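What follows are several structures.
Next come two complexes built around subunit A: one with subunit B, the other with subunit C.
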Partner chain A sequence: MPKEITLNHITKIEGHAKLNLSMEGGKVTKCELSATEGSRYFEGIVRGRKYYEAHEMTSRICGICSCAHVIAALSAVEDALGVQISEQTYKLRELLTLGERIRSHATHLYFLALPDYLGYESALAMAPKYGKELKSALAMMKAGNGIIRLLGSRDLHPVSATVGGWLKLPKQEQIDEIRKSLEQIRTDTVETCELFSSFRYPKFETKGKFFSLINPKKYPMLEGSFGSDGGIFDKSKYSDFIKEYHEPYSSANFVVRQDKRYAVGALSRINTSGKQLSKEGQKALKKSQIRENSKNPYHNNMAQAIELVHYVGEGMKICEELAIKDEKPVKANAGPGRGVGAIEVPRGTLWHEYSINSEGKITNANIITPTAQNLLNMQEDIREFVPSVAGRKKEEIIIQVEKLIRSYDPCFSCSAHFLEVKWA
Partner chain B sequence: MKKLYVFGNEHLAEDRLARQVSRLLSGRHEIVHCRSPDELLECEDEEILILDVVRGIKEPVIIEDIEKVRAKKIMTLHDFDLGYFLNLMKLLGVERKVKIIGIPAEGNVEELAKKVEEWA
Partner chain C sequence: MEKLLQVRNPDNKLKVGFYGITGCAGCLLSVIFNEDELLDLIKVVDLKAFPFVKEVNVDESFDYIFVEGLVADEDDLEVLQRLRKNSKFLVALGACSCTGCVPAYRQFTLKENYEHLLYRKREEIKDLQPTPVDDHVRADYYIPGCPPDKKEILNFLKGIAIGKEPKPYESPVCIECRKNGNQCLLDLGKPCLGPITAGGCNSVCINGGFECWGCRGPTKDMNLPLMIKMLRDRGFDDAFIEARMRTFVGLKMPIVEEFMKSKEAGGKLDTKFYGKKEYFE
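Let's turn to the complex of A and B:
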């Protein structure tokens, strides 16, 4: 039985993280999961800048989730300035983030998680035998990319969305093109569900509660209250129930909900809002191993696969409803105001908050990423899970621990931001 | 018009030359500035033509054997780079000829552009 395990570079996740684990007599005596990314300073960078710059600047937090940061920042700024967006703007924003959700889930499932379940070191090693599956992943990634490029005018860091609307609207033919591209990957998403439902997942239950936005009208995406069976909270008062704190060993903040650990992400959304999945999504859920209120974090991968089915259906529905009309962005007053944007993104709930003064300048910003919210739960899950595999060889324990971490689909690049700067 | 996929980052001194060179080309190609290698999936040309900076060379080179391009172990999705992607395409049997015009990280932009023009 190994006494200490140090993973200086946890592989096949977004960004860089480290784990220090010490054991004695089968018990874990130390478990420290930390982000080792450099501090990002984004909340400081946007201070003093104009409100209409926040979304473009914060989109650089991550190349994987750049659309998510754009839309969360826009929602927060519009909340602060009382801007009401049109239905068309809302639907196009949903569609843009659906593209990103599809690209992100397909990439994580096939390139980072699948090698674990098939016993390969990497997707490259898997390619000769599982070419069909990887081609299917590439098709889904391509479709997701295509949506982002058409709507956002770029593959990464979209530039078309702005405060109050869109700087460049897509043409109706492009919306039809998106619908067709989604139609083409429908079967791929269903097969992804079947594949991820066929694996044997370790039996393990987390003690953290699963939280997501809850929207009585639909499966949560761009709005809702934050909740679970542990309670429902108004997003504007998020700082009353969510607290960030810093541990000296990590460059990412830890986040607690009323002093307790919690989890966000695909499984949280399925747990809180599974009944709002599309018919196809519900069918996929029924066929999966996920039962009501699953507490097994490994099931998050299955939940992501189910969401792929749902997102493709939702995207097609939006395309069918959209009849693009020429619209100028709604004008915003300069300020003052404070606003909170909370949206569901591939890895969970993303929070952006801005205070804006009467000159339209940002005076305060706060961003809480899904991975920061999951960090404590991941760490404590590892602490509680490891004793069940403590009798195995060190290499096997490492694989099991990495698998557990990867099931959360963490993005450590986005979560690293704890450093506080004193402003003169 | 045939596409020329140009990789690199204008903000990094050691990775900006391919983009600078692409601006001096005569216009025989449609220049696509790639932010992510999976943009190559969109390529419908018979041959994928790529311009990129290659580490450790002093003169421009043509690489047509993808196996010569090192595929890094994928640690994070940020490592999903050109080498990884081209190797993946080959393993998946994506039947496509690939020609990479590799240029050094440093050099005379105009001279390099002439060479690229000749080879592209």
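Let's turn to the complex of A and C:
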């Protein structure tokens, strides 16, 4: 039985993190999961900048979910300045983030998570034997990237979405092109579900509650109240019920909900809103190992695969509904104002908040990322999971712990710059 | 790619590594988002290290090491120095690495804007001034952009695999923008930095209706006074112009501030790099 496990650089995650684990007689005496990414202070950097510059700058928080940061920032600014966007803008934003949801889940599932389950060091090393699976992953990533490029002009840090609307609208033919590209990866998403439902996952239940936005109208994406079976909260009051605090060993903040740990992400969404999945999504859910209200964080991989099926169908539906008409972005009122943007992104709920003064300058910003919200739950899950495998070899414990961490699909790039401490 | 596979001796592949220090992982993602070529790429170069997607990373004697991100703390610096020592060539990959990008804009903001974020900082690791990699080690090549076009990274790799010397793109964004038939955004009154910014990006932002923020850095022969005059003529105040010019590449721009203070758009231009004021300790 090992006494100390230190993972100084956890690989196959976004950003940098480390884990310090000490055990004595099968009990965990210390468990510290920390972001070791350098701090970038985005919330400070955007102060003094114009309200229409926030999304372009905060997009740089994260490469893999740059669309998410753009749309969350725009929603918050529009909330602050009383801008009502058109239905077309809303649908295009849904479609843009759907592209990102698909490429993000596909990248995580195949490039970061799958090698653990097939016993390889990397997806690239799997190429000779699992060429078909890899090609399928790359096809999904390509379709996702294609959507983002068509709507946002670039694969990463998209630029065409702006306050109140769209700087350059796509042509109707391009929307049809997107629909076709989604149709082409339908089978890939179904096979991804089958693949991830075929693995044996460790038996484990987290004690954290699963939270996501809940939208009575549809499976949550760009709006809703934040909730679970533990209650529902309006987004504007988020700072009353979720608090950030800081541990000296980490460059990312920990976030708690009314002093308790909680989890966000694909499994949370399936738990709160699984009934709103498309027919195909429901079918995939039924075939998976996820039963109602799964508390097993390892199941997040299957949840992401199920979402892939759902998002492809949802994206095709949006394409069919869209009839692009020429419209200019809605003009924003002058400040002052304070606004909150909360959207569901691949890794969970993302919060952006801005205060804007009468000159249109940002005077305060607060950003809470999914990984910051998951961080405490991940750490405590590790603490509670490790005793069940403590008798095994060190290498085996490490792989199980790494699988657990990766199942949350953490993004430490995102989480590592948020050091504001709120004393509850 | 097919041809390349024939040219390259499979027993003597270039040893290549991709590392990220503090950044957004966007440049590393851009490498793997070469969906059609990725699986061939690993046949052309020997990918020794890529911790973002690999568990086993052999950290020694690289021919080329690609570094994404900027130096933001002591950890970053240590990794960077080790990588430099272990590689024949070091390539600064993306805007953070080349110029410091948005995170380095902190050097031009007031400390009061972010000091409230500093409570109870990590005890063991010290923050450093956010700086591009060549402030600390020699960079042999630069692939600019936030992020660089994924094909640009691919072409760089293909080039070095056949022994071609990589060359930077030096014409301004406007050249490609004209070719793409875009309406000039400056003509529409937008604060586009295309005229002073190095292209090679295929004017991707302007194609999407968004003005250039200068993420690829200034051209060698940029006409800064004229650029500033054009923006002032369009009603932008100096604070706005300064902030825009510095957002992505402030540390690699000549002193914008002093020039602007000279009141004359045609005034004398000081081309030395902006010094690192100790705003942040």
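In this section, the second predicted complex is superposed on the first by the 417 of 424 C-alpha atoms of A that agree within 3 Å, B and C clash if a C-alpha of one lies under 4 Å from a C-alpha of the other, contacts with A are read in each partner's own complex, and residues count from 1 in each chain.
Assume a residue touches a chain if its C-beta (ideal position, glycine included) is under 8 Å from a C-beta of that chain, and two chains touch if they have at least 3 such contacts.
All figures in this text were calculated on a predicted structure; none of them were measured in a lab.
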- Message: In the superposed model built on subunit A, check whether subunit B and subunit C fit or clash.
- Response: clash
- Touching A:Thr97, do we find subunit B (first), subunit C (second), both, or neither? neither
- Task: Could you say whether A:Ser75 touches subunit B, subunit C, both of them, or neither, answering first, second, both or neither?
- Result: neither
- Regarding the shared-chain residue A:Pro128, is it in contact with subunit B (first), subunit C (second), both, or neither? first
- Could you say whether A:Asn377 touches subunit B, subunit C, both of them, or neither, answering first, second, both or neither? neither
- Message: With both complexes superposed on chain A, which partner does A:Ser273 reach: first (subunit B), second (subunit C), both or neither?
- Response: neither
- Chosen between subunit B and subunit C, the partner touching more subunit A residues is C
- Message: Under the stated touch criterion, which partner chain does A:Ser153 make contact with: subunit B (first), subunit C (second), both, or neither?
- Response: second
- Message: Applying the document's definition of touch, where does A:Lys50 land relative to subunit B and subunit C: first, second, both, or neither?
- Response: second
- Would you check which partner chain A:Thr192 touches, where first means subunit B only, second means subunit C only, and both and neither mean what they say? neither
- Task: Looking only at the overlay on chain A, choose which of 8-16, 188-196 or 206-214 in subunit C hits subunit B.
- Result: 8-16
- Report, in rising order, the residues of subunit A that make contact with subunit B in one complex and with subunit C in the other. 9, 11-12, 14-16, 63-64, 107, 111-112, 121-124, 127, 131, 134-135, 138, 141-142, 145, 154-156, 413
- Within their complex, subunit A touches subunit B through residues 9, 11-16, 63-64, 107-108, 111-112, 121-124, 127-128, 131, 134-135, 138, 141-142, 145, 154-156, 413
- Task: Using the touch rule from the top, collect the residues of subunit B that touch subunit A in their complex.
- Result: 35-36, 38-39, 41-42, 71, 73-78, 80, 84, 87-88, 91-93
- Message: For a test of understanding, state which residues of subunit C touch subunit A in their complex under the given definition.
- Response: 20-30, 32-33, 35-36, 38-39, 42, 47, 50-57, 70-73, 75-76, 101-103, 105-106, 109-110, 113-125, 127, 130, 146-147, 150, 204-205, 207-210, 213, 240, 243, 247
- Query: Considering the complex alone, what residue numbers of subunit A touch subunit C?
  - Reply: 9, 11-12, 14-16, 36-45, 47-50, 53, 56-57, 60-64, 66, 103, 107, 111-112, 115, 121-125, 127, 131, 134-135, 138-139, 141-142, 145, 152-160, 162, 166-168, 246, 248-251, 411, 413, 416, 418-421
